[in-house]
Structure formats: C-alpha cells, structure tokens
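Each structure below appears as structure tokens.
Two complexes come next, and they have one chain in common, chain A, joined by chain B in the first and chain C in the second.
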Partner chain A sequence: MEKPWPKTNSDVCIRCAACTAVCPVSRVSPKFPGPKQAGPGAERFRTPGEPSVDQWIDLCIGCHLCDMACASGVNISELNLIAKAKYTDEKGRPFRDWLLTHTYLFSPLGSLFSPIANLLLKSGTIRWLADSLLKIDRRRKLPRYESPTFRQWFKAHHFNSHKKMAYFYGCYTNTNEVDVAKATVEVLEANGFEVTLPSQRCCGIPMLGNGDFKGARKLGLWNVPSLLNSVRSGLDIVFSSTSCGHMIKHEYSNLLNIPGSEEVAQHTFDIFEFLRNLKEGGNLNTDFRKSSLRAAYFAPCHLKSLGIGFPAFDILQLIPGFKVDYIAADCCGLGGTFGFKKEKYEISEEIGRDLAEAIDRLKPEIVLSDCEGCRMQIRHLTGLKVLHPIQILRDAMTR
Partner chain B sequence: MHYDLIVIGMGLSGLMAAKTAAADGQKVLIVGKGMGSLCLFSNTIDVLGQSPTAMKMTDALSQWIEGHPLHPYSKVGLKNVEEALSSFLSLFPLPYSFQTIDNRNCLLPTGAGTLRPTFLIPTTMVGGISVDEGRELIVGFKGFKDFYAHYVADQLRCRGINLELPDLLSQEPTATALARLMEMKSFRENTGREIKKQLQGETRIGLPAIMGTHDPARVKDDLEGIIGAKVFEIPILPPSIPGMRIFNRFKEWLIRKGVTFLLGYSVSKAALKGKRCERIEVLHPPVITSYSADRYILATGRFIGGGLKADDEKVVEPVFNLPLSQPRSRENWFGDSFSSDLPHPIHGAGILTDASFQPVDAGGNMILENVWTAGSILAHHHCIDEKSREGIEIATGYAAAKHALEK
Partner chain C sequence: MDIKTEVLIVGGGATGAGICRDLALRGIPCVLIEKGDLASGASGRNHGLFHSGGRYAVADPEASRECITENGILRKIAPHCIEETDGFFVSLPEDGLAFRDKFLQACEKVGIQTTLLNRDEVLSLEPELNPNLLSAVKVPDGAIDPFTLVLENARDAELHGVKILLHSEVTSLILDGDRVKGAKTKDRIRGEEYTIEASYFVNATGAWANQILKLVGLRIGMALSKGSMLITNTRLNHGVINRCRPPSDADIVVPNDTVSILGTTSIRLEDVEHFEVTPDEVSLLVQEGSKMIPAIRETRFIRAYAGIRPLFLSEEKGDDRAISRGFVLIDHAKRDGLQNLITITGGKLVTYRLMAERTSDLICQKMGRNTACSTHSNPLPGASRPAGLRERFKQFSAARGEIVCDCELVPRKEVEELLGTEKLRDFQDILHRTRLAKGTCQGGFCVYRLLGVLHDSKMLQGDSNKILKGFLEERWKGIRPILWGAAVKEEELIEYIYKGIFNF
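Coming up: the complex of A and B.
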C-alpha cells in the first residue's frame, strides 16, 4: 500500500530560530536563507500543482542538524528534501548529477582497472575537463579506486562460527576504502562472529540527497528484500558507513515507504553501536594492545541523526593509552555529492574550514570519523591521516 | 542500555543535572527533543533580578527563601544555590568566564534599549554595566535584522550607527554568520577600523551579541585594541549566540566525560511498574529504543519545548503524566490586564514536589520513587517576574541530581 509522504505540519513551527542557529550552510553563505525560511517558512507558499519557486533549495546540504535542534518537532530537512525533489524534477537534473549519484554502476570497473582509472582521476587534464564540461570542481580530489574490491577479498576469506552477522558495507567501502570493511570483518571475528554478505547495491542516499526519490526508491526496493532475507534467517545487520545506515534504518521507511524496511530497521545496527551492546552484555573482546596515539574524533551528521549517541567515541576509550578527543564542530561540509559540485564547492569548503580549525586547536596525530564523506573532506582540508575508528580498534586487537 | 541516571531535557537544568552526576562518576544519558530555550533567550545568568541592586545576592536570596517556603530556591537552600552557581562557573574558566559585580545585581542594556537587572555576566557584556552616561556608541550592521542600533541608542540617549561593510554588501546575514565572520581576523579588523573612523568621542561601544562562538574574549580584546575604546555585547533577538556558547560548553564537557548525548529525540513513553520508572522509550521512526536507569530526572521545561502541554481545559505533563499545580480552570489562566504588575497565574503552573524534588500528589505523597524533577517545569515560581530563570534551572538541576545520587 502506498502511503503519502509524511508531511509535518509546518504550522507547529514557532519561528524560534534554533534551526538557523545550527545550519552550516546559512552560517557561511547568504545564498541560502536558512532552515526556518527554507523549510516551514517557504512551505506555507508551496502549492501542489504550481511550479516551484525555491531556486535556493538545492543549497540545503541535508545534514539534518536543524531537525535535531528543533524543539517543536518539525522535520525541516524533510520539507526541504521534498521541495528539492519537486524543484529538480521540474528543472531537470544535469548529467553531472546522474554521474555523481550512479558511481555504483561503474566503480567495479574503476576497481578492476584501478591503475589506469586512478591515473585518469589524478590527471590535471581530466579534472579540468570534468570541471569545465561537467561542473565537477577541479579543486576536489576524486577518490582513488582500490583493487581487489572488498567483496573479492572476502571471497577468499574464511572464518566459521555458529554466531553469524550480516554486513552492509556500502559501495564506496567496497571499491575505495577496502580496509574499513576488512577491519569491520576482523573486529567482528575477534568477537566470535562469522560475517556474511547479503547481496546489496548502493543504498541510494546520493540520489535521495539530490532529490531523486524515484532512483533512490528503486535501489531501496532492490536492497530491502535481500536484507530482509538475512533478518528472517535470524541475523542482525551491521553497517560501517553512517550514511548508508541512516538511509537503511530511517529513510527507507520514513520517506520512501519501502515494504519490509521497518522490519529490517529493527535489526540493523551501526558497527560501534553493536560493539557497545556487546560490551553492555559483558561480551566484548576488550583484549587491546597499548597504544600511544593521540587522535581526534569527529561525529558525522548522519551518526547524530541515527540517535545512538557516539558509540565509537565510547568504545575507543577502552584502548589503554589511546588518547582520543572529541572535535567540537558540526558538519564537515562535504554533504556527499554536494561538495563535488562546482557551484557549491566554496560553500562546502567554508563549512569545512570551521571543522579544520576545530581540529587544528586539538593538534591530533590522526583524525577518526565514521563517514567516508567526512573522512574525504578532512583529508582534503587538513592533509592529516584520517581513518574509520574501526581500523584503530582492529589495530589494537591482540589477535 | 542501562544507566545510573537518565536526564530528560536538554535545557540548562537538564545539562546541569547531567553535569553534576557525571562529575560524580555516574553513567549518564541525557536526551532532549531540541536545543532548549537556552539558545534562544539566555545571555547572562539571572538569579533573582527583582531584588534591589543595592542588596548582596546572598542577603536577597535568604530573605526570599524566608518569605517563600514553597519556592524552588527554598527547597534547594541557600548553601546549595551558591554551590550550584559555583559549579556552573567552574565550567567557564577565563578568558570567557562569568562574573558578578560585588555579588549584587547590576543593570545591563537589552536589545530593546531598556536596562534589566541580572547577576552573572559574561566577559563580553561586563562593559555594558551602567550605560547611562551618553558616552556610548551603539553599532549595528546594515542588513542584520535582529538588532536595531538606532532604536537601542534612542532609548539609551546615545548615538547609534549602522555599519555598511563591503563584506556584507547586499546581504542579510544571520547572527551565526556574523559570529563566524567576527572570528575571522580580516573581518574583525575591518569592523574595528570602520567603528574607529566613526567615533565622535564615545568611550564605549555596544555591539550586538555576535562576537564569535569559540573565542569571544579574543574578539573583544582585538576590537578594543583597534578602536581604543571599551566594547560590550548587547543581547539580540533569537537565536542567542551567548546562549549557544553555554550550550556548546556543556555539550562538549558532557561528551568528553562519556555522557551519552542524544540531541533531537523525545521520549515517546515512560514505562512504569508500581512506583518505579523502569525504562524510557525513544521513538525514531521506525525504531523504538529502550533505555533503563536506576534514577531519572525530568527537566523538560515549560511550554516551548513541550515539557508542559495545554489543551482547552487544563495543563498536562506528557512524559509521566505527573499531577500539576495549576489554576482551577482556563478562565483563571491570565490576569485581567496583559501587562499588569501581577504575574499571570498560568506561569505559576508546574510540578509539585517534596523538598528533595521528587514529584508528589496534592496530598504530598510521593508518586515515583526513582524520579526527580528540575528546572522551570517546577511549580511555585514566577521566573519571568522574579527574573530568576537561569538561577532556578542551575540550582534545581544541581540539587535534583544531588538528591537522586544520595538515594
């Protein structure tokens, strides 16, 4: 049964401006009027059947920070997203946006031919062409492909246990940050879990963020039955990318009405949330080697929107000698595909600059974050080594 | 997940309760529906603004306590109110600290150009004390809609100007955008130089409260160096940047202490068994997460954040459905005149508690043995008229946590 999109009554907005106080985009750019205006404010002027007038709606980065600041319970970012979908449906999406949201189609090829692909991605000419023809900003480094992919590595990997888990690794991890997935598997195995990989495609969050509900829904409709299969055979699912997790746990049901997604959501956990639950039950392997690293941890927006606190930050404290500080900043500014777009690059960089300064105040040796987008942005802006916290945990495991 | 203590509400009282428990080594979860009114209205810390400025706060408070036995301050007790305030102050070391002027209330200018009494004053506002000599210059920014320099200046009988900065040409910056720009050296220096150019012998400069979020003391020092005059902040329309400084400081401190910090989620259900709260549920569609604790503190505030809800007939407390002290019927909610000197009865509605902040019924019987209450949701205060909101929040947040930990 098709439910209508959930629409919050914007009249419950009391115009208090808490959302504007936390919006990263309106903080750095006057082009975006801020969540109060763009969300419940503009909503009052939106009429179904009439053309969209929200030219600036595209500048909402989709961080959800406004939703979390609102004490009246207005889902501001959802209003923005629906308005963005309408605006881009009418205006049409450039080929560039199609390309950026369909990387999952060609990334296996990128991985297969990674030596050539990486040369091309690094090449100044290619980046200049991408910039002038496609409006993908040339200042943005394009992520490198790795070979073999995680899935290929996993095929040759064996570990048996009666305790089994399913893992949603996400397409970026599969081809561009394979070690994050390896680390996830290794930490789960160190805790006695055999990992299985349900068939999966891109979760669809890049499409959703670009206002392409149809495309995102199609991917959701593909993923959910496969994940449901795992759940119904008694497995819990973990994810290591907080954005994929946010999409699967909340947007699949809330915005996209994908049948079965509610059941999947009940059994899907962030990897550190899962480890924290193990610890709570006294079942976490805490046999860690001493470490002398000084790290800083950055909590991604889509971790905050999961509403689970900061489980990675909690678990990392268990490593003896390891010093990890909390980075007091909100939103890295990459916003998935947002920061790659030429017309948005400067906004992305300005938001990121606030984060880079917060990192600089802590002077860490290494930065940790659970989201690939945040990691990419922090590397880009600070030049520091940036890892997923699970990689640090894996390195600290004694076996 | 199981905790020693769960705090419901992320306003100043909830943050203070969480801080008190975390400092004691307890495993704490704090859950809040939104950022709370701290980020909207708070700038300074009011304790008992309605007491005469000539009076030392200690004396004013003990007199107040004597005359108002049911008031939250009376339940906390003078000694603990002072301890609570010191505990708050300890979170704000120099350079951005709060101070009193000789332990008394003093008058600070508002964004409406009036003077209001308040007690604990942040570094960036100290310069605004007793602005009545006509030697001030009030400076606004063209395009910034939450502060009206000429209006403020007219009220204070001094001069007001609006800066037209090239960086802000044809923009309508928000308070957060201005606060961010202020922390950029070039913008700060341009602002300072522009103000200096327009000085006509004024010795004090009043700016809207947007002097940065991370290092406002530095912004102030730099501006004073460039202009050669004292600089102070004046509160603006919401959001409040000084309020956010307080919120952010608590947030960072709590997270670093290992407190589970759930901002943006409201409690959808409190599961009770007999006289105990067994767990709370947080609904984040489509997932419901349960959290349990030995003790709970309810600090959900009044109407703005949904701590109290009103229908056509009465006021209710939605989480535990606790009995409230409230006017008998809706007809009695408000006084005859909107701006009468007497507080409107509805503002006195709130939760009845015993001396240790545990909710009780009209007969004084304890309702839930592991639940405490703190903040503006309590009955028997009129914080708007008393000018006591932050003080009540700090004192009762601290005291409720102390009582909860003792039991």
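Coming up: the complex of A and C.
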C-alpha cells in the first residue's frame, strides 16, 4: 500500500513539554491541548482507518515554534498538519475556507476592479454578510486590492544586466502589496541584478495550513518545474515573503514530496539572506542615505523556521542613523487565514496581545516585518504603519 | 477476625475470580483470598492474546477447541474486555507453506474459521508487515484486557455477596483427618493473622499451586516457565500477528490499546517470585519480532516484563511448548484422599470461564447440589461500557479536564472516582485499575501527580517518599532492559526530576 503521508516519528518524544511551553495557542486557549499532547501524544491514539475525533487539531496555527523548541527533533507541527488534513478531509471544508485559500484565483479580478472591490471590502454590509454567512470575522479588515498589479508594472519596466536573478513574489504581493515587490526589484537592480519573473502561482501555503494537502500539492507541482527551469538556467531565486519561502524551501519536499523541490530549495533565498551573502562577499551596494526613523522589527515564525537568523535585521543596521529595535515576542497570532475565521478570531487576537504590548513599550514610528500576515496583524492590533524591511532599504538607497 | 464460609478460593487471578463469580451466581457462599492485588500473578503478566485457538490447532486440538468455544462466549459476556481485531498467521519465505496447509486443515477440524489472504491483501490490512511474506491466514484472534476481566469478575462476585480479601495470604492449612478444616491467613499490610474455616477449599494459585499443596504435604507434576515480553511505545499492528509455523519463541505480536506487545520467550525456572527479563531475551524478542514486522528493529520500547506459566506435566517432553496448555483440575479426594481440596491450574486466560465452570461443577457434585452454571450467558457487569482507544481519545477531545497521566489520557476525575468507590489498600492497586503509568513515560511524570491527588483527597497513607520509592524500584525493573535510544534520554530527564523531588 502506498503510504499516503510521509513517515513521521513521534517515538523519540521524551515528554518534556518544552514544546507546550512555547506554543502560542496553548498559552491563550485551554481548548487546544498543546503540541506535546496534540502531536506525539495523540499520535499514539490515532488509528489510520478510523475517523478523526480531535476537533481541536485545527486550532494549531502552524507557527512551527514547537518544532524549534523540541530538542528531540519531533516534527510536531507536521504531525498536527497531517492530523488536521485527515480531520478536514473527513469533515469537509466550509466554502469559507475554500474562499480564503483560493484568493489567488480571484485576486487578479479584484485588482482589475479594485475601486469597486475595495469599496465592497470596506463596506459594513459586506463585512456583516461575510461574518454571518461565511464566518469571516467582521472585526478583521479585509486586505485592499491594488492596481496595476506588480506583474503589470513589471511588464513596463526595463533593466538589463548580465547578472540575472529570478524572483518569487507571491500572489499577495502581486495584488495587495505591490510596493514590496517593486522595492525588491529596485534593491536588486541597485546591486546590478536584472530580475526575471518565472511563471508562478500561489505557493499553496494557505491551503496547506487549512489541511488541504491535495490542493497545495497541485500548486507545488505547478510551481516547481517552472522554478527548476530558472535554477537550471543558472539563476538563483529570491522571495520576499517568508511564508512563500518556507513553503518552497521546506514543505514542498518535506511534506508534499514534490519532485525537483530539493534542487529548487538549494537555490532559493530570502531576499535579505541574499543581500547578506552579497555583503559578506563585499558585493553589497551600501550607499545608503541617512535616516532618522525609529523602527521596530518583528521576526515572523516562518523566518525563524528557515533557520537563517534575522538577515533583514542585520542589513537594516547598515543604514546610517536608522534605529531599529528587535521586538521580543513570539508569533503574531494571525496564522495566515486562521485569524480571519470567526471561531478563531479571539484566539488570534489574544496571541497577538503580547506582541502588541511589546511594540507599545518600544514606541516605534514604524514597524517592519518580512511576512504579509504579520504585517496585517500588527496593523490590526496597533494601527501603526507597517512595512516590509525591503521598502525601508529601497528608500535608503541613493538613486 | 475469623471467617466461616462454604468455599474458600485461594488465588485472585482470572481463575479464582472466575470461580467465585460462578459459585456466587449459583448461590453458593464463598470467600476469595489473594496475597497481592487481583491479577497480580500470571493474570496480570501475560501476553493479552485473546486466542482463537489457532496457535494450538495443529499440536493440541483439544486445547484449541476449548479456546474457540470460549472465544465465542467471551465476546458476548465480556465485550468491554476484548478488542475484536482478528489475527493473522503469517508465512514468511523461510517458513514455507507446508505448515500453513496443515494449519488450515487443523483449524477446520477444530471449527476455527479461517480466510487465506494473499500478500497484497494482508499488507493492505497490516502495512507494517514484512513485505516479503508469502501469505497469511486470518483467524478470529483478538486482544484481551486481563485486568478488566479479572476485576469485573470479582466485582460481580462481590455484588452477589462474595467476600474478597486482598493483600492476604494463606500461610498454612489446618487438617482434620481426611479434610482440610481451615486456612491460617495473614493480612500482609496490617500483619493481622486470622483463620478461615470452610467446607471446601479451592487452590487456584496458578504457578504457586505446589506451594499451597506443600502445606498439606502434597505435590503435583508441574513445571514453571518464564515468558518475557516487550512493550512498544506505539501500536504497530492492528490485528494479532502470529508466525505460521510450529509455536516457537517470540513469534507473536499482540496489539494492546496504544501499544504492541512482543512475546514470548520460554525459560524454565524454579523461583516463582524473583525473576527478570534478561538481555538475551530482549535481543531474541527484537530479532524474531522484526522478521514479521521490520519496524520493530527501530521502534521504541517502553517496558519489559515477564510472567510465570504453570505447565502441567502429563508426560515429560523436551520442549515446554509441547506440554499441554490445557488446564488441569485435580480432585485431591480421588488423587490423595483429601476430601475437600481441589486444585485448578494451567490453562489460558481465554479459558478461565470454562476452568471456573468445571471447578464449580465439581464442587456442586461434591456438595450434592444440582445448580447449573450460568456464566456462559450472563454478561459481566460493565459489559455495555464503551471500550477502547478511540473512545478514550474521543472523551479527551470532547471534554478535557485536568489530566493526571498525559501519555494514556487518564483524567483526574477518573482517579478521584476510583478513589471514592473502591477500598484500595496499596498504591499499586490504583495503577492496576487505571491506565495510569502504562504509557510512554511509564509513570515517570504522572505518579508524583497521583500522589498530589491522593494528598488532596486525604487518602495518602504512610510515608509518600517510601511509596514513591517502591513504585520507582518496580518501574526500574521494567525499564532497565529496554534502555537505549530515546528511552535513555527520557530516563535522564525523569531521573533529574526525581532527584529534585527527593532533594538529592
């Protein structure tokens, strides 16, 4: 029989509970038994052929903090994800979850009709409808669409160089935070790289987070050959969204077994990791303008799980006069689509409270983070201006 | 406190508990005496295989027939003690198929239903099996929870007026001519001594049978054989896995709730109280077990334990497994002229009810009474209660209160209820009646929590350090043989915790 999921190893768990100590969800909600119980603990009770009973499994936000805390190397969040997939496969996913995980399909339309779309998204009636019909919490602001999209902008953009790069911008950046992608391109160009855009679709992490392995795998199977093409023609790939990066570098091979993904992963870098590598080789353009901004930087969970340290935080220090504090808090609590769901809104906000308080203590003018989810959540929690660090770097580059 | 009764049953294993329930249902007053807790002998230290009889079909059709009949009865009267998993007799390439064909014929003769499955069919049911296997025969084996079985028999007997004395030992028997008049007994916790007078005495002490008989100068031809088993951390198989070959060492893997149990070995020994699992046995179990389920080579084990089988020597043979696994019922009136003493020993857990029925029939015959047995149709008290892994997980998932044992999901509520309803006398009694301390950490984390619960409910008697120490010593005995890999790591952590508790 073909094994439907990769083999996982809960046997090495020594029951120390270090994982539960760091789990943001079990910190705020007694409904979730915590990674030790939900992962290796529950694994001893799950029977392959039998229907799932662990309805709390979809409270796991997928932050991977437990995996990082576990000294025994138990792949806890993976166990959770697999259990969640089984649970949601059986129970069926509400239309709401389909909507939240398939935004990549209708976002281009949203962009095209952005004036209307944004009015609708802002409208109280629509949000009330979304809340009561779809259980998308009305206290959440839905992200605005921008026009033109990044891809459209890029078409009209020209820069030639013999040094070439590929860029995985991610679907959200393309339609909702276009300037992040522009900034990425501009910074790379300032360093002499010509950017190319391999054809790409949503990386699939929203689906994976919702336990839809099949859907996520389909997208992965679409993206990997295209990315592999770039890699094999000698290009390195950068991403500006740490969640897309986490998906491409880890989950495509680890969980989804997508052929060629390991090779892609070896040549795929976080944009700041890439810049830091340039700096270490003495090749980074460090011609920065002086800045007097006071910022605070928040490291997303999916950056931590990449295991590359905090390259954005390192590089930002190079801007003269720019003051940036590191925000000592774990997990913003949004968890991708998690925080939009009515039944999880409170948990999401409660997790974020630590972060909001930590920001409040630092009193920054602006907050920076590499993940769109974290940025959304911080805007929501603090009302502050929140940017991707690449935007600050671009602004500091003398053009 | 001196006691007078009609029948005194010595030994609170499955057999003794079964007899006192049987007699009680027939309206015959009796008392059960057990030197430890219920099921502290072989009944609590066996493999937990709910035999279909397949294992004995070729070599011992009689014992096999008993098994399949009782198998059918127990499914009805004790469904909450049985997991109906089915079993597979797996032929590996080195076994060939000659035995399989004999096996199929023998099963048919005895009346055990079989289904022959090809390689792919069995692998789809049991994906962890050795993919090189030739075929497998499905039989109605299962897994049995011996603790619940014994406890429920005793509970029903008590409901019918039987007195059960635990932690009390028969130390001598008082003879009066050709009859036993009474038993001198000692309460092992309080040290009190007292006499129980009865008209009939049943020696249901299993492997200890000769020790009781020695008290009246008798002896039966019985050998003792140690069987060792290993418990895995996670359950590897859904059904029981047997090797399809003449019964041998380490050729069965029985699933049990959250775990799988590999067994057994078979080693002659003299001392029925002091024994442990040796490194050679561990290697043998892993080596042989992994031929059927390759994952056994890498899997984590959480405990090793052993039990003693009494083997009745009808005739001397070389291999202990060739000796009848059927039971022996001895009327010492016929054999030795001692009118009111009966010994029942040997057999299997699965045949406990039949053994109890035959013993009770003999007593009735001696008493000149004519009451029929009803245990074959009379379900045990808890028979409708939901059982099993999924049910526990479901309850945990639905309403999680405070959990005492994280590994086996034992809620504090369950422990408190138990403490409220039963008169428990020893710390281990609590562990016998819940799944506490049966999981990955083997009580490393939950037992000190349990002491807290006991303290809160003011039920902590005696020195808690001593209780903890006693528990840890027993635990160590079970853990030491399997200490490698992740188990060592966890043990270091637990040792550190206990050093803290004991202030070392």
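FYI, the second predicted complex is superposed on the first by the 393 of 399 C-alpha atoms of A that agree within 3 Å, B and C clash if a C-alpha of one lies under 4 Å from a C-alpha of the other, contacts with A are read in each partner's own complex, and residues count from 1 in each chain.
Convention: a residue touches a chain if its C-beta (ideal position, glycine included) is under 8 Å from a C-beta of that chain, and two chains touch if they have at least 3 such contacts.
Worth saying up front: this structure is predicted, and the values here are computed from it rather than measured.
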- Query: Following superposition onto chain A, is the placement of chain B relative to chain C best described as a clash or a fit?
  - Reply: fit
- Of the partners chain B and chain C, which touch A:Val53 in the superposed model: first, second, both, neither? second
- Query: With both structures placed on chain A, which of the two partners, chain B or chain C, ends up touching more residues of chain A?
  - Reply: B
- Figure out whether A:Leu393 sits in contact with chain B (first) or chain C (second), or with both, or with neither. neither
- Once the structures are superposed on A, label A:Ser261 by its partner contacts, choosing first (chain B), second (chain C), both or neither. first
- Query: Is A:Arg27 contacted by the first partner chain B, the second partner chain C, both or neither?
  - Reply: first
- Task: May I ask you to decide whether A:Cys70 touches chain B, chain C, both, or neither, giving the answer as first, second, both or neither?
- Result: first
- Query: Between chain B (first) and chain C (second), which does A:Leu188 come into contact with in this model arrangement: first, second, both, or neither?
  - Reply: neither
- Query: Touching A:Val12 in the superposition: chain B (first), chain C (second), both, neither?
  - Reply: second
- Rounded to a whole Å, what is the shortest Cα gap between chain B and chain C in the overlaid structures? 5
- Message: Per the definitions at the top, what is the overlap between the chain A residues touching chain B and those touching chain C?
- Response: 14, 16, 30, 72
- Residues of chain C touching chain A in their complex? 123-124, 127, 233-235, 238, 258-259, 299-300, 389-390, 392-394, 396-398, 400, 403, 406-407, 409, 439-441, 444-445, 485-486, 489-490, 493
- Contacts from chain A onto chain C in the complex sit at residues 1, 3, 10-16, 30, 33, 36-37, 41-47, 49-50, 53-56, 72
- The chain A residues in contact with chain B across the complex are 14, 16-18, 20-23, 26-28, 30, 34, 67-73, 249-250, 253-254, 261-262, 265-266, 276-277, 280, 304-310, 313-314, 317, 325-326, 328, 354, 358
- Task: State the interface residues of chain B toward chain A in the complex, per the touch definition above.
- Result: 1-2, 29, 33-37, 39-40, 171-177, 180, 214, 237-239, 244, 248, 251-252, 255-256, 258, 260-266, 282, 284-287, 289, 304-306
